[in-house]
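Here's a structure for you.
Per-chain residue numbering starts at 1, and chain names A, B, C and D are given in the order in which the chains are listed.
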Amino acid sequence: MNSKIYSSAALALSGEVRDGMTIMSGGFGLCGVPSDLIMALKASGAKDLTVIGNNVGCDDHGMWHVLANNQIRKVLASYVGENKILESRYMSGEIEIEFNPQGTLAERIRAGGAGIPAFYTRTGYGTKVAEGKETRQFPGQDGVPEWYVMETGLTADIAFVKAWKADAEGNLIYRKTARNFNPMMATAGKLVIAEVEEIVEIGELAADAIHTPGIFVDRIVLGSGYSKHIERLTTRPRAVAAAAGEQF
Amino acid sequence: MNSKIYSSAALALSGEVRDGMTIMSGGFGLCGVPSDLIMALKASGAKDLTVIGNNVGCDDHGMWHVLANNQIRKVLASYVGENKILESRYMSGEIEIEFNPQGTLAERIRAGGAGIPAFYTRTGYGTKVAEGKETRQFPGQDGVPEWYVMETGLTADIAFVKAWKADAEGNLIYRKTARNFNPMMATAGKLVIAEVEEIVEIGELAADAIHTPGIFVDRIVLGSGYSKHIERLTTRPRAVAAAAGEQF
Amino acid sequence: MVWTRDEMAARAAKELRDGYYVNLGVGIPTQVANLIPDGMRVMLHSENGMLGMGPFPYEGEADADLINAGKQTITELTQTSYFSSADSFGMIRGGHINLSILGGMQVSQAGDLANWMVPGKMIKGMGGAMDLVAGVRRVVVVMEHCEKSGAPKFRRECVLPLTGKGVVDLLITDLAVFEIDKRGGAATLIELAPGVTLEALKSKTEAEFAIASSLAMP
Amino acid sequence: MVWTRDEMAARAAKELRDGYYVNLGVGIPTQVANLIPDGMRVMLHSENGMLGMGPFPYEGEADADLINAGKQTITELTQTSYFSSADSFGMIRGGHINLSILGGMQVSQAGDLANWMVPGKMIKGMGGAMDLVAGVRRVVVVMEHCEKSGAPKFRRECVLPLTGKGVVDLLITDLAVFEIDKRGGAATLIELAPGVTLEALKSKTEAEFAIASSLAMP
């Protein structure tokens, strides 16, 4: 069998991106973002893309570069507050944004990957999010009927995933809060490409601790330059914190 | 805060079981079965129980004891083929069984724990399983409309979970295929009790490798006597296997 | 005299209970993390995939892979666990989080909450707020009683687009605390800031509310 | 001359492709695990929560926590991963498994499959069979062409309760192999066991089927 490992993000994407495609990309803020794959997507020059992700980039980082390059027509996201280009192009009507509650977005992607075309959630009932969607009652947690909104599963032509470690089989593990949307996206792309910080020998990842089984991963790329970016560096001075007991 | 750790299954269940309750219990065959909790359920003597589980016991093991003690009125399961009492009481009409496809059962429990009252699946469309249920069309994997069946989320008054290790916070990890239905059930019980083989110090379980976060677990019991039962011991003789390359 | 932001946070902290799993929004709610009483075990949930949020890191020890939902660098505790966004919102939607404390732009007497967008202004998105108010068992909103313009924020109906309908259990402002029966659709005043008269409160409130018998009104 | 069980398993093994993720049912399908060609990478899925199923353990090395969906003790490989039943059936339902090979009681010409219950007989349950046939991309059924009584099992319509409607892609019997267009609802004979005449086959088949042009019929 051909190896799943590709020597660069550009090679992993080569010939796969076409205008009008739907691309999912993991990450929350700057955390767990498949940056090399995103830059390869920019280099592909593909236009009219629909991009699904929690933030779809932050100023000067991640999917922001693809936005700035005018390749994106539509975005599905939950929060774009640190993304001035996206905010302004949305307000000007150049880009369509479908705002999804964060949990609904996560569950829609999980559903898409798990063959569930639609599900019901209480989230968003009675708000703009429910407009035009089917609503109906089911018994709530205490048995009393409550209103729910039907949401549909999401899939993508290509899913970009950022993981910490991979083996050649494509088994992935994520690190701390860099996990976020990546595991669901790994199940919901027709083509799934994982960008990782380390490729380890098969057998090094504990079988009980694998987050994404290799079945979901088509291609693996060793990412470059993981001097990771921090969006909001918040620290406490060591001496004062110890004295005052203040935490936040 | 009171400790989540109870010194016995009987104490963990004490005063919690009432006639007519719904109990979920993890396990697949004899693998990953919370045996001590089940025996405490038997000792409680509670009647007219509804039990949700993949098999609901195998001859002389697990929930079979509660069945044999005439405490169960209804069962939701996917397969009862190694459970003669359940088979015969079903055929005689003493016990009601709602057969669920295994994946539908797993997803219904996951949905119940995740606040999803209903979802659609292709599984069972056009079969007895879909009788009386809403069916509708959604675009399938290739965009062509396909028929799906609506299934509802499942919760329980009490969920019994069998894990390998717990810490005092209630974080759990499972071992190999003993994981099966346990993680979803841990999310779907109003009261969740975990029976484990080892209680470790907080911090010993790697934060990235925890399968069930402690938020889901109300009570923890150290199980007794883990000389685990094997339903179908299948082995290969060492020399012959090496020579012939036969695997199964 | 009105309550300060610190006093509002302290009042919100009184909603904590031993053993609670709690999600805190940005702003005043974040301060509640510093007000957990000694000996009370409260685990903080961060909806980007973490349970058991620790304090900010010491200088030089920040980890880019470890941030909270406000995208601030944080630390882990010994009992911390990490999970995906789907699992995190499964916890929220499934009613496993005991308490959410968050900010608001407007609250209605029936417990509707608006806190995510102002028509015509830049829209940033609702993030996890709609999921939190729909799923968490007890939702506490902490906000100023009035806008800078003096316009009331506790209203008969929210004018701004809703984050959730019938979702708020308790409203803490700088003037008063209201309990809201979100099923019944009715609010009750349960506390007044010292020196704030009922007349003054009513003049700054559009919502209708009952007055708790425990409030010894002259 | 009819195909033996080993020959039927060998025919089923021809459906394997390099890189496939495969789920095998009990009986003849299980034998396919021993027929993976050298150098071909095929990963076996066990729906109770495992990908990368290894062979049976050596005597004395069985692990009670490691069983397959048939509840037999098995072993793991270096690339094995474990997951929950919900995640396992997410793989199945989401179309991530390339191929499922399983047994059947009856198959219809439109690709309906019955293999889980006989009315009036003891009902054991469908286990994961309904999920597999509904979710796996390519479903191959291996079964005897007729019942012991001689009654045909490949039929216009299944008489037994269905496991899935329009789900079978390929039917391998001891007499022949049929390709089924499950969307179009039509079957085509593509292979005949050596020495089995078309007349003999038709006499033992209730289903209607076309004959592939590749079959050089006299």
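Note that in this section contacts are C-beta pairs under 8 Å (C-beta built on N, C-alpha and C of every residue); 3 or more make two chains touch, one makes a residue touch a chain.
Remember, predicted model here, so these are calculated numbers, not experimental data.
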Query = What shortest step count links chain A and chain B in the network of chain contacts?
reply = 1
Task = Please identify each chain that touches chain A as well as chain D.
result = B
Request  = Look at the interfaces B-C and A-C and say which one is made up of more C-beta pairs in contact.
outcome  = A-C
Request  = Starting from the mean Cα coordinates of chain C and chain D, work out the distance between those two points in Å.
outcome  = 55
Request  = Calculate how many whole Å lie between the centre of chain B and the centre of chain C, each centre taken as the average of the chain's C-alpha atoms.
outcome  = 36
Key: Cα-centroid distance, chain B relative to chain D, in whole angstrom   = 27
Query = chain A: which residues touch two or more other chains?
reply = 107, 110, 114-116, 121-122, 141, 174-176, 179, 207-208
Query = In chain C, which residues are in touch with two or more of the other chains?
reply = 76, 82-83, 89-90, 92-93, 95, 135
Ask   = Given which chains touch which, is the overall layout a line, a ring, a star, complete, or other?
value = other
Key: Every chain pair in contact, whichever chains are involved   = A-B, A-C, A-D, B-C, B-D
Ask   = Which bits of chain B are touching chain D when the two form their complex?
value = 28-32, 54, 77-82, 87, 90-91, 97, 99, 101-107, 109-110, 121-129, 141, 144, 164, 174-184, 211, 228-238, 241, 245-248
Inquiry  = Under the stated contact criterion, what part of chain B meets chain A in this complex?
reply    = 107, 111, 114-122, 138-141, 148, 152, 155, 173-176, 179, 206-209, 211
Ask   = In the complex formed with chain B, which residues of chain C make contact?
value = 18-19, 21, 40-41, 43, 45, 51-52, 76, 78-83, 89-97, 135
Remark   = Note: in the complex, chain D contacts chain B through residues 30-31, 33-34, 46-50, 54-68, 70-74, 76, 82-86, 88-90, 92-93, 95, 112, 122-131, 134-135, 161-166, 183
Ask   = Can you list the residues on chain A that touch chain D in the complex?
value = 1-2, 110, 112-116, 167, 169, 171, 187, 202-203, 207-208, 210, 213-216
